[in-house]
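The structures come next, written out as structure tokens.
What follows is chain A paired twice: with chain B in the first complex and chain C in the second.
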Partner chain A sequence: MKPPAFEYVAASSAADAVEALRRYGDEAKILAGGQSLMPMLALRLARPSALVDINRCDDLEGLAESGGVLTVGALARQRDIPADKLYLAPLTTSLESDELATSARFQLPPEGAGWGFAEVARRHGDFALVGCAAVLALDGAGAVSHARLGFFGVGGTPVRSAPGEAALMGREPTPARVVEAAKAAAAVLSPDGDLHASADYRKKVAATLAERVLAAALSRCGRAR
Partner chain B sequence: MGAKYFGASVRRKEDPRFLRGEGRYVDDIKLPGLLHAAFVRSPHGHAKVLSVKTDAARRLAGVTHVFAFVDLERWMKPLPLFGAIPPGLGARVDVTMKQVGQLAMARDRVRFVGEIVAMVLAGSRALAEDGCELIEVEYEPLPVVTDMVAGGEPGAHVLYPEWGDNVAVFFEVGFGDPAAAFAQADVTVRERFEIQRYVGMPIETRGVVAQWDARDGSLTTWNSTQVVHFVQQGLVAAFGLPPHKIRVIAPDVGGGFGTKATGYPEDLLIPAAAIAARRPVKWTEDRREHMMSAGHARHQVHDIQIAARRDGTMLGVRDRIWLDLGAYNSWGIVLPYNTVAHLLGPHRVPSLHVECRGVVTNKTPNAPYRGAGRPETVFAMDRVVDCLARELRMDPADLRRKNYLTQADMPYELGIPYRDGNPLVYDSGDFKAGLEAALSAVGYDALRQEQASLRAKGVHRGIGISGYVEGTAIGPYEGATVRLDASGHAVVSTGACSQGQGHETSFAQIAADALGIPFDWVTIVGGDTAAIPFGVGTFASRSAVNAGSSIHLAAGKVRDKIVEAAAALLEAAPGDIEIVDGTVSVRGAPASSLPVSRVIQAAIPTFAKPGVASPDFEATVYQHQPTVTYASAVHVAYVEVDVGTGAVKLLRYLVAHDCGKVINPVIVEGQVHGGVAQGIGGALLEEMVYDDQAQLLTGTFMDYLVPTAMEVPPIETVHLEYPSPRNTLGMKGVGEGGAISPPAAIANAVEDALAPFGVRVTRTPLGPSVVLGLLGSAAEK
Partner chain C sequence: MKRAVRVKVNGTDCEQAVDVRSTLADLLRENLDLTGTHVGCEHGVCGACTVLFDGLPVRACLMLAAQADGHEVTTIEGVAPPGEALHPIQEAFATKHGLQCGYCTPGIIMSTCAFLKEHPAPTEGEIREMLAGHLCRCTGYHFIVEAIAEAARVLAGA
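Up next is the complex of A and B:
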């Protein structure tokens, strides 16, 4: 379990890293934390001819909030890709071989929003078999004014649930409606089975967790003023 | 003997070096000119090897040597086999057994994924692996056997054409009149249980370094093994050298668990490579290799029945047992018979019939792993006992109270021989008292009340009990040499090797007490064939009793020599000599005190006079242990099951155990904790999975899940001490015990938690998907 030989490039800036990526074409991989890459190299499942290390790229660091948006990483913007267009499959994104993800930007939830999060993993810290997260906000009349519901562990990419969100938006989130939204959200999922959990398990538990996280999010909601 | 150290929680001598990173493991051995080895391993579960082409690999820059079977043929004797049938057992039980030793490198057939086909040496491990990629092996795939039950039937594909079938071990054994017992019973319960394939997973993988010394034609090999003398015997047989020319050293070893107590191809291949290359060679097993080629364990099926009266009195047990041995029957009678001998455990059962089959399959060969048949058989028994309790509508604790043996029953003969051929006679203990101690310490009645009140609120908690009786400290011996140096400090050499158990501490406690010297004056040397010529090794909860007894007796002999020399020197009667803390004195004459070193120096001849005694203050004892001594325990697990997700949370875990006289309570607790952690892994997480093509699906730590500190709750321990009558110090083994009961206790707790749903647990590990599946299928009934 030792990697095959590769070139090592220590990039000093994002531009430097992109330049290196261009030089090697498809043959280079970015080395950031190495959590996935290093085992892949050791198992010889990945055989890049070069690793471009971005750990010394000072311009890729930072954390900033502006206009309700939290930016993690560089503020300089090159090309924006919405999250649902970025993730294609496990370990696969829509980035081109000479592109580098320089930052991630998150829309902050509205004031008074509540959140819920739940996952089932075989062990503490393992990839979730199924996971679910929700953010809800209510308007003055107690109807849902903001709904975000997402799943992970139920497919090759994170899944944001349009039917789950739609089932709640603009409505009063009664317990029955929460159950209905959770069911609607889980119904359209098509997870895979693996050694650790069957597809059927993931689908069933996705509904259970969605119900729980929506309830938790509601319990944390403050009313809008 | 005054026991100053025995029984005290003396701090472990070995810990400072481990905590500072100053231990020395096989991979830390660096030698000038060292070459690194890597292996080509079979990607097929079963195949003929038609050709091995090595030319391209030989031409790769950095690669120095490439070996296929033909290149090493003269040394390729079958690996050592274990588990021959002792005469005493053969006389009582008719065993059919077939054993073929694995060749260190496959000649013309591979029988599991991971079997070695070729070896490459290079200046670095990475280059050696590059070389391996250039070796072309032509295989002709053969049909595979993956199911032990179907594979044991006539007509299955066979691994060994000359056998005609795959049943490598078969026997029936029992006592009493099971037919009558089942005919008379008010209630009988039958269930089929499967214990999954799971394995010892030491933090330090295996590793071998070997160096050939052309000067005197001797070989030194460092091996992360639990059994240096067994490794030496294998090398003696392969190379035809006398034992003293082959030195096997196990330096610090980071966990063994039985996985490192078996014979491995690399034990031979790395020394053979060092001899052939005339350069030192190192191989460090990587985790992927460990997963696919280090000994697997546990996988069994039990079709078990129990018969009882309406009041819960047990009348008889019948069991049909299958063991999946993997591709080679390296361990003979050991695992099958261990399984049978430990089936009934603490229960009084007047009749038994067992039919036992060990079946070879196209999977990694099995080796004993912490418990070695006991966790499997206890799972079957304790699960069927809980099924019986449910059938009788009896509290599972009460059913056990009714049937557990007590001190008044000791000695208790089971009616079958033990694996060593001697009668299976429980020598000591009080299993019912152990049960009561466990139930009282865990607060059983209060937990039952809590369970009922939470159940009403939709919270599902369960309590599970499991008890075992374990034959520990199997002989026939472990030797010890105790020798004093001129300062009166002692060196103790023994064949028992430590893999982290704290031998340097526990054995020093025994030696210091017996010699009358301070604990710090004792150095323990284990894991070196040059230190003692004969040995067995550390496994089977055997070292405290076997090595400890020999150390105690040898140290006593050395003490007698000091007493005699001191008596001559001080002109006193030997009976009046006392040795305390390294000081010799005459009873009632404190002014006469001398350090032990003075007595030793007085024994060394000078030009003026001969010594007062011979200065070899040294003794060797190979104490014979004809049979085992019985340790026991009761484990209680308390779990909560999320019926929405199937997730099992272990809330509490308690162990009440008897390992006889405790040498060092903290070390014993450490052993119990480590064993329980591995048992929790078996109950909830760990499984080596093969597909129907005999491909291993769990090749990394992302697939094979070991428990972390987050999955192990604080373990509560109650020590009970029923001294063993079978050795001078009253000790019993404790190394394996912790791992035996958790799968049964936790499975019982999960079923108990889900009792309102009518769930029956027949298999581990109980991952959330499995548990939710059980709930689903129970709902369909």
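Up next is the complex of A and C:
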């Protein structure tokens, strides 16, 4: 299908884009890569009265690292939102209608950290039924000094696993403890079931993937100096 | 709402007034009569409408015509100039029977043009991974993979 009619604004800066958002109230949508918005327009699931194209905003470009923080996008920003306060549900964030996410900032992992990532999808490149990512670092004695474990596809938002991280922090990551941490992480998940996978199945897959990504992260860890 | 768009298509500068909700695929097919760019799903899943945008593959249904202003687009019509011999990739698709109905073929060839620049000697796995962005309901992909491998060999001068 073709998108419904809309007005098109080619913003030249972040301030310009925010000004356009104010002008249209909650009737405007930001057009960046278009990978999600354009299909939604074509399917008429979204019918904004205006699109604000930010592809020509030079001040929103670029990658920068400073003080152990990687900034993707511009340095200019008006309000910082932690990731767990940003995502509310699929395609829904806590941004107000006149707000624009101008950058994403990531704390860099400590030196020697290892990572793991795995997902299960019906087809290559399709949305994951369940996915899991982990970053681990070890101290000089071989105990876990940094642990991050997160899931996706198990709820309306990305889910970071406090129990999974707590089960490893400060301890030696023996194979038994990794299994225990993966189980603890999956136990508290409450995924929805749908046509593609039941809630039970997602939970089981989450435990298996958590075990695999934690093991992969450990195998990539270098010891701290 | 109309908007003037200036875009270089297959090496020729074009200026068109487009409805702002027109996609790049609409601009190519309806304004410029370049109907070699096929439109399948119109929401970024099937890959049939793939063209090169500043040399990189994009789905022409997921980009507004207005966004192409000031950029360069190459379509299947620009792969080998009219009246000249087919491009080695096109030739390989013909000799290896890499197509049946041909609907998905222009998109696959455009992706292949960009892919072989980055992977001049691809493995079968790499070829299949690239093809994951394209749906073909006729061939079962096997001959497409062979055609791309053959094109890589020819382009490398082997």
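By definition in this document, the second predicted complex is superposed on the first by the 225 of 225 C-alpha atoms of A that agree within 3 Å, B and C clash if a C-alpha of one lies under 4 Å from a C-alpha of the other, contacts with A are read in each partner's own complex, and residues count from 1 in each chain.
Definition applied: a contact is a pair of C-beta atoms (placed from the backbone, for glycine too) under 8 Å apart; a residue touches a chain by one contact, two chains touch by 3 or more.
From a predicted model like this one, the values you see are computed outputs, not experimental measurements.
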Check the residue A:R22 against both partner chains and state whether it touches chain B (first), chain C (second), both, or neither.
neither
After superposition on the shared chain, which partner residues are touched by A:E7: those of chain B (first), chain C (second), both, or neither?
second
Could you tell me if A:L195 is touching chain B, chain C, both of them or neither one (first, second, both, neither)?
first
In the superposed arrangement, does A:V205 touch chain B (first), chain C (second), both or neither?
first
After the superposition on A, what does A:L129 contact: first (chain B), second (chain C), both or neither?
first
After superposition on the shared chain, which partner residues are touched by A:R47: those of chain B (first), chain C (second), both, or neither?
neither
Identify the partner contact of A:G34: answer first if only chain B is touched, second if only chain C is, both if each is, neither if none is.
second
Identify the partner contact of A:K85: answer first if only chain B is touched, second if only chain C is, both if each is, neither if none is.
neither
In the superposed view, which residues of chain A touch chain B and also chain C?
1-5, 39, 42-43, 123-125
Give the list of chain C residues in touch with chain A in this complex.
1, 3, 19-21, 23, 26, 42-45, 61-64, 66-67, 69, 129, 132-133
For chain A, which residues are in contact with chain B within the complex?
1-5, 39, 42-44, 120, 122-127, 129-130, 195-198, 201, 204-205, 208-209, 212
Interface with chain A, chain B side, in the complex: residues 124-126, 129-130, 133, 286-289, 644-647, 685, 689, 697-698, 700, 702-703, 705, 707-708, 710-711, 767-769, 772-773
Using the touch definition up top, name the residues of chain A that touch chain C in the complex.
1-8, 10, 31, 34-35, 38-39, 41-43, 51, 53, 55, 123-125
